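Just dropping this structure here.
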């Protein structure tokens, strides 16, 4: 690389520390190198992440020998060769009519209901989450939850202890809501409420209101202050400003997040059924426990299809929003 | 999921809204709100979700109260007799948390490799390298036929991997192979690689191209232009998003415990079924601490590099 | 690697020849039948109102753009190359010797100044070598970049992140990157449009001094006619996509320049109504 230098083949330690350009002012490269701005945090993080990866793979939690053992291979062979073949086709080989018949029966008996339930759970949950987040977000936004909203600098720092406690408490609540996975929430609610769609709906709604509340608060905090200060100075009350200005201003962005989270809700609603709620996941779990892996695969594929559907709906809605903006 | 990625950008100063739509004159938005309301009502009807379903079942109220009463009083020791020689609860929690991290890190290391490859191949910028001037026939054939094919294959792969939830991948692997920790890692890694690929490709395609064009104008090869002119501009966003997914991976890894893998979810479900609610909260707080730790770490990095 | 390049760098500067070149975007003729020649080592300013086609002409010269009609030739010591007929390999070799300072500078903001300067050599590096020198710059590369940065007056910024620099300093980085190409020709598109007048003068002085010192051809588009008159021996005025005049600076009458921009004012008024 630096073969240009007569004898010094390696790049380290080659050349004098100080370079004399045009023979004039000497630029002290070594001094520059010493004062090179580096981020210890970034370097440390990279090293730490590298070590974490090495440690994770070598800590002894993974048995690769077992993974490639004859028993596992036999399992996979049976699974792929036999178990996932639709039941009526196992003897006869592929027969389109029989396959369609099989799929149609599954769809009519369980699939349709499962799909409808999954989508409904997702829609109801995200609507509830959105409503809850709209209530929580203004309380968590530091520029709004204060005696004189939309002041910056010194005035902003001088928020009263009451307001400060309120935002802190709301923010802590939001952290708790979103840090606990929806699956765990659903597990808990199921034990309390018994089997209905509500545990899944509530679990998704709670987890997502934590996320949407945080994102909504950030959106409000990032609002441009000037028009809002003007509004306040014109005598608008806090609630008046919220309804006439802040909500409309931040709604477009909030709705973008809303639809991103809706995609996630569709994914999760499928899976939450595995706990015993009648969404697609229920039928997946049902087929799994009976070792009807052909049916299980059918419902997993159905789940993938409605996830795609959810993504398309969300993308379309976001396109409308972007155009409206 | 992609929402948080936008949240990263929300930190940047917003453009002032354009005059006309300042106070919500956009009718599209009104229709969407109406649509959401209607859809929610329809969903409630479909689910037959009456409010009576919200009344806790027999014993449910008591269970709720007892459960949440322990929220402020997580268990410091096991709530029932354990055989001699069992490690204390805090060590059990720590061990489960450690395994949760191990699974998440291993999964993310695979997902990142897959996500970067898919993100590059699935971005249009990767293929935008056709040099101007008299191309050779081979090159032309490459850019007209091969490139769109690989691009399309990458997009299809991204969609396919993403549209099956990690728990369903886990269930499929369980059915196919039986319980092995590596399958849990792979189950998380597949959809995560797809999601990372999707988001990375968007970030790369949205990155400003001025520097890349300048490098191309000075004769740089396509690969150099991509790697040195374009990727560095998207890199802070990619970092931040990967960290966010790491946080998600910890949650996913914990949940896989409900399916028999030895992560926090396993301990949570076991304690819950034994009605040891204090222990449940201990494990839940361990999970919260992990998630919060990653969030703080990534927040510190982001403040340093994206600001 | 850097030190070795000094010796094998071709000695000659590039000349350019533009023959009846037009560039048409839809209904707009951005350049119309332009005939121009720049001799190797010549120092020329392109003046004219905005929208006159200066940027387009510069982009023709480094083959970022192909003329809709006409021919653009680059003449080096090894003969003339017609830009729109060149093979990718020829084109790459050519471009690696043509420095271009973009109006918006087109630097990578979130890497060090050093990396941005080293990017100047990408045209002569394979991908692996490029990646290596970007991630692990050799001492020789650091020294070469430091020397160039020192020459343009910001040597001490070598290891700073590029986006921590001021606009004027970033412009110096862009110039240093172009110099690191060891250019046979340097094209600058409105290099002083975003800096204050005092700095603008310094920058133009620097560019012309570098051209003299290193013997490359320099073509600079400038909005500021006073600077053009002061530092450039030849002025090419463009207006509405055509050459308005092309003269030795000494022969340009002030009234001609006044007219060049008076017409712009008239046009602006006409557009505004």
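In order of appearance the chains are A, B and C, and numbering begins at 1 in each one.
Basically, a contact is a pair of C-beta atoms (placed from the backbone, for glycine too) under 8 Å apart; a residue touches a chain by one contact, two chains touch by 3 or more.
Because the structure is predicted, anything quoted here is derived from the model rather than measured.
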{"item": "Overall pattern in which the protein chains touch one another (line/ring/star/complete/other)", "value": "complete"}
{"item": "Chain whose Cα centroid lies at the greatest distance from that of subunit B", "value": "C"}
{"item": "B-C or A-C, whichever has more C-beta pairs in contact", "value": "B-C"}
{"item": "Rounded Å distance between subunit A and subunit B, as computed from the means of their C-alpha atoms", "value": "5"}
{"item": "Euclidean distance of C-alpha centroids - subunit B vs subunit C, Å", "value": "45"}
{"item": "Distance between the centres, which are taken as Cα means, of subunit C and subunit A, whole angstrom", "value": "46"}
{"item": "Residues of subunit B touching at least two other chains", "value": "305"}
{"item": "Junction residues of subunit A, two or more chains touched", "value": "none"}
{"item": "Sites on subunit B touched by subunit C in the complex", "value": "131-136, 139, 210-211, 213-215, 217-221, 223-225, 227-229, 232-233, 235-236, 305"}
{"item": "Residues on subunit A engaged by subunit B in the complex (per definition of touch)", "value": "39, 41-42, 45, 52-53, 55-57, 59, 61-64, 66-67, 71-72, 75-76, 79-80, 83, 116-117, 119-124, 127-128, 130, 175-176, 179-181, 183-184, 187-188, 191-194, 196-198, 201, 211-212, 214-215, 218-219, 222-224, 227, 244-245, 247-249, 251-253, 255-258, 260-261, 263-264, 267-268, 270-271, 274, 284-285, 288, 293, 296-297, 300, 303-305, 307-308, 311, 317, 320-321, 323-325"}
{"item": "Subunit B - residues contacting subunit A, complex", "value": "1-4, 6-7, 10-11, 13-14, 16-18, 21-24, 26-29, 31-33, 35-37, 39-40, 42-44, 46-49, 53-57, 60, 63-64, 67, 98-99, 101-103, 105-106, 109, 159-160, 162-165, 167-168, 171-172, 175-178, 180-183, 185, 251-252, 254-255, 258, 262, 265, 268-269, 272, 284, 287-288, 291-292, 297, 300-301, 304-305"}
{"item": "Sites on subunit C touched by subunit A in the complex", "value": "1-5, 129, 132-133, 136, 138-143, 146-147, 150-151, 155-156, 158-161"}
{"item": "Residues of subunit C defined as touching subunit B within the complex", "value": "62-64, 66, 83-88, 91-96, 98-100, 102, 104, 106-111, 115, 119-120, 122-127, 130-131, 134, 178, 181"}
